[in-house]
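Have a look at these structures, which come just after this line.
Shared between the two complexes below is chain A, which has chain B as its partner in the first and chain C in the second.
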Partner chain A sequence: MNAPVFQAKDYKSELKPIWCPGCGDFGVLQGLYRALSSIGRPPHEVAFISGIGCSSRIPGYTTAYGFNTVHGRSLPIAQGVKLANPELLVVVAGGDGDGFSIGGGHVPHAVRRNMDLTYLVMDNQVYGLTKGQLSPTSPRGLETVTSPFGSLEEPINPLLYMLAYGAGFVAQATPADMPGMTALIEEAIRYPGFAFVNIQSPCVTFGEDDQQLKAHKAKQKSLASLGHDPSNQLAALDLARAYGTELYTGVFYRNPSPPPTYESLVKLRQTEQAKKARPRNQILDAYLQK
Partner chain B sequence: MLDDLILGMAGAGGDGVVSAGESLLSAASSEGYHALMTKSFGSQIRGGESSCRVRLSTKKVLNPGGALDVMVALNWDDFFKFGAELPLSVDTVLIYEEKAGPPPETLKARGVVPTEVVPVAIAELTKKSAGTDKAKTSVVLGLLSGWFGIPSEAIGRGLKKKFGSKGEGLLEANEKALASGIEYARAHPLRTPHVISKPKGPPGSKMLCDGNDMCAAGALFAGVKFFGGYPITPSTEVMQTLTREIWKYGGTVLQCEDEISGIGATVGASFAGRKSMTATSGPGMDLKTEILGLATIAELPLVILNVQRGGPSTGLPTKPEQGDLYQAAFSGHGDVLRPVLAPTDVEDTFKTTVDAFNIAEQYQTPVIILSDQEIAQRKEAVDLIDTSRMEIIERRAPTEAELAEKPYARFALTESGISPISHPGMRGGTYLAAGIEHNEKGDPTSGGTMHAKMNEKRFRKLEPLKQRTDLFELSGNPKAPLALLAWGSTAGVAREAFQLATAQGHDVKLLVPYLLYPIAEQVYAGFFESVKHGLLVELSHQGQLYRMLRMFIDVPKGLKSFCRSGANPFQPAELVARLVELKGLPS
Partner chain C sequence: MTNRQQQTPGIDFAVLTLKDALDLAVLIEEEARDRYEELAAQLVLHRTPGAAAFFAKMVRIEELHRKQLLEERAKAFGEQPVAVRREMIFDVEAPDYDEVRSDMTTREALETALRSEEKAHRFFVSVLSHVQNPEVRKLFEELRDEEVEHQDLVKKELAKLPDDDRFARVDVGDGPAPQ
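What follows is the complex of A and B.
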């Protein structure tokens, strides 16, 4: 086999990540470089869109085009990018707070439109950048600076959400298993439609002990080893219920016959309507009263 | 013979007065009249009260006008729900449905009682002629045609267009109703005839459109390729029009899940290199503010239309107000300079939209268009716009040579403050766009020195805008001591007031800014030099432009703010009266 045209290092920028030593996001970033190298698109044809948070810094650490936007709005902005230029490979990245708290309202709509976007959530069950507050995926009872007596809420379940909204590709990974995570990211990017990977990416500074890489290694069970069939949506829903107790990795669901993407339908509409275009200097004639 | 005729109609939601107004407008415009229609509703989805005003003229119509020449009330309750929108004078011909009974005492309480009050058994005439009561407004159209000289052939053509496809019976009924209205008017002449002269322009020379139409058309003309938005009154028609049209030109409309997503997708599309726009009204503008800041710091071209309605909060969703100027200029955190343009009528909404795109693309900045409910939704018959000299500006992309020469610096500190902008897909142009402050290359920084340089750059690049005298309309003697200033829809009233005052022999001049922000200090200073007295007219409680001018420049002591809350439109005559009053005061 030939060496890839672009090596993993070709996607790595000169910026040094601001993350704490040992942060799970370093692993995610490495996996991402490798996945991109396998796919082989030149960096200038890739756009990374993110929100705000530790993991949302990712676009700057790549040599691709990046847009590190505002908190919670990466999905709408990424959809604009994709529709403006469907040829681009668009990856959306962010944390659990960015995606499921402040940006939670955008998720179902991004899913139901089914653009060919890959959404990587680095889920660490805590707010890291603002130094250790409760996040939407924090377990009930978690003590943080904003829940000194323990959280009173149930966490949301990102896997169940995504499956229920109808996402065509739903997976979970951990950087504790680099080859497995890298392969999942690559598969998500290659999936022709909206693809979601929940990456359990440990926060070394504010995360719980049982959420660290070492614990992940011990705890993770691959869905393949359980004999799960990723084309079985109901089985996927059932397995996803274990979020927060079990650490299943692999593909929960992959639509065996992916529906057309939004942008492909747009293209059809544009082609069909193009014959009705007026020359620029006749646009106003449409309003003339005969 | 009259050159100008203002008609009003009011009724219950199902009466079809707005539809009748549209027929009238369409008939008049196809005959070559200048014409304008405004409509007003209660905020009910169906039913409730509705009204419209139609102004016909042989000359360009500048505004909906003041007191009505003709008022048709199908019932009194609904008529009285519209106060300032349907003002009567002693000269108004007041026509009412006989069945509704004589004018109640409330009419007297409103101060003016027309001398010519004409009951017509409209419902009965309809039943008799058409055999149904569904064609009432066709009787009304017949009455208006017969009494005021609006060509009945054109109205008939309109009926054919409207009902032709809905079955022979309905068309026939309406044609009979129209004829009976005309017949009735002939048999019962008015005491004072009010007949409008023949139009000056040839038939078929007019466009029939509203401000939202012209905004959408302007965007298409400028080359818009992406629109992201969320429905909100009174701006939704822009999205509705674009979503029928944009595909033809290779573009996309995305109806988003909320206002934030609307501007978010729009910013994303601009980042990807396409001309992009969103449209909204006050509450939506509130939500879009954070991403406006993102577009400013990432220096992304973007056009945002705010069709102003009464505020705050839900306020008066179907009524115009000029209360969002502060928001347009100052909303969002941080030191920001964001251009704000305002169209003043249906026709110039087209050019203002093109200007907004050009400024956005040239200076890589979000630009806000401040329209308002009146110009956005009033239907108007206007002359076809000459677009032959309108320029289209594209954003300045780095050349191949520039990209090859050295590592690309997206935010290079150039002399003009404008840095060549790449977009995803462009080889050699990769960079990080971000909400976080950046250095020239685009890498994040939290250093004060670089932040100061970038702020300075973002302000400096917009300086040339202040010299754009083409974004100001100046009329009258430049040395006149008396001045009128107005912006947005209010400018149309000020233009007519200016003409009236000039005709009365006053030495007066008029300034209408299309560029509201940044404040063009020199343009105003030059204008104010000769001014002893003047009025700045605004439809808002505070008079926001007046206060903003005082924030940036010295304003003559004799220049007063003349302002009041939205949904209380100004009338030309009252502006003249106020000017004359001022003239008597020491300067």
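What follows is the complex of A and C.
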């Protein structure tokens, strides 16, 4: 057996995580290092893009390129990065608040554009960084500093959203099962198109007891053990409805024939257009003819 | 899936050679050493000195075990290349990340180490039922028994601690940094 060119530790930066001891994000970070080592791309060929939140600190803890951007804007910036350099392996990381609250409007467009990005959401059902306010995935009735008498809203269901928007790869994981989560992250990165993994990553400081890793260990059920066929989109939609009640882990949906990515279509368009290059003063004519 | 399969996915203990077994044992100690180092650093950052100091001691202990195994390996197999990888093992003797808290006491840190030694013991017991090579069996039996010795050492340390070394959570309240 040959040793891999890059070991997990090669992706680990010198910066020490300031997460609360016990935070689920530590396990996610470890799983990411390992997944990258299996894939074997050197750190300089990888870019991590995040928004703002505890989970969004991931880029700083890796030796890859990283951009800890603006709250809710990781996906637009990641798409820009990927388009500017399609050879880069781009991983987007962030929280449930970052992705589905302030950044929620970007999600359907990133999905339908279908760039080869991996989007990892560390879903802790709370705003961790700002000290425990309600997030869009908080369960109904949750008492927080912004909902002292309990939340009156239904949580959104990230799995159903992603499936309904048409994502080609949708999975769920928990660091309570490190090998399973690591393998899913790797599979998502290898999927040629927009891939989403909802990682139930507990907040030990503001999260509920039934959302901690010990509860996950008892509760999680792998989709494989249920006999789920990940190419069956309708079955995936049905299983995804259990978000918030069951903790299913594994691949809900994997498009068996992934469509071309946006960046590959752009490349084709550039090649076609290069053949019929117009003089500078006629460039706008393409729009006038319509 | 059993715990053993989760901790070492893809390793077939029925055909493991002594060289691979020794290298695996070295990596198990290395993983534990690195994890204790990470946990100690987290607790230093969050100003939990008692537990941090104990984890720092565990770093030295795990490193000592690693070096002893490494010497044994060098004696038996010299410079022969290592075929097992760190990526093949998951938290065999290393405490899980969610074992620690910013307000944990020294007693809780020792209890974490005890649980980790027990976890490692269960691991060796479990793999021994699959191992066929007699030399590998002997090595893993030794390691299994050492885990019991380590548990006894931690238990002795625990007995020396005052009954209640708990402090109020507000004393260590150290929220995440705003952005």
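In the analysis below, the second predicted complex is superposed on the first by the 275 of 290 C-alpha atoms of A that agree within 3 Å, B and C clash if a C-alpha of one lies under 4 Å from a C-alpha of the other, contacts with A are read in each partner's own complex, and residues count from 1 in each chain.
Simple rule for what comes next: contacts are C-beta pairs under 8 Å (C-beta built on N, C-alpha and C of every residue); 3 or more make two chains touch, one makes a residue touch a chain.
Because the structure is predicted, anything quoted here is derived from the model rather than measured.
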(request) Could you look at A:Cys20 and tell me whether it touches chain B, chain C, both or neither (first, second, both, neither)? (result) second
(request) Scan A:Gln172 for contacts with chain B and chain C and give back first, second, both or neither. (result) neither
(request) Could you look at A:Gln220 and tell me whether it touches chain B, chain C, both or neither (first, second, both, neither)? (result) neither
(request) Tell me which partner A:Thr144 touches in the superposition: chain B (first), chain C (second), both or neither. (result) neither
(message) Contacts for A:Gln30 in the overlay, against chain B (first) and chain C (second): which applies, first, second, both or neither?
(response) second
(request) State whether chain B or chain C is in contact with more residues of chain A in the superposed arrangement. (result) B
(request) Name the contact category of A:Asn281: first (chain B only), second (chain C only), both, or neither. (result) first
(request) Mind working out whether A:Asn124 is in touch with chain B, chain C, both or neither, as first, second, both or neither? (result) neither
(message) According to the stated criteria, A:Glu45 is in contact with first (chain B), second (chain C), both, or neither; which is it?
(response) first
(message) Identify the residues of chain A that lie in both the chain B contact region and the chain C contact region.
(response) 52
(message) Show me the residue ranges of chain A that touch chain C in the complex, using the header's touch definition.
(response) 1, 3-4, 7-9, 16-24, 26-27, 30, 34, 37-38, 52, 54, 128-131, 175, 177-180, 182, 202, 204-205, 212-214
(request) Spell out the part of chain B that touches chain A in their complex, as residue ranges. (result) 26, 29-30, 204, 206-209, 213, 217, 220-221, 225-226, 228, 247-252, 254, 256-258, 260-262, 264-274, 276, 290-291, 293-294, 298, 350, 381, 384-385, 387-388, 423-436, 443-444
(message) Please output the residues of chain A touching chain B within their complex, sorted ascending.
(response) 15, 42-47, 49, 52, 59-60, 63-70, 73, 75-85, 87-88, 105-106, 108-109, 266, 269-270, 272-274, 276-278, 280-281, 283-290
(message) Going by the contact rule set out above, which residues of chain C touch chain A in the complex?
(response) 6-7, 9, 38-39, 41-43, 45-46, 48, 81-87, 90-91, 96-102, 104, 175-179
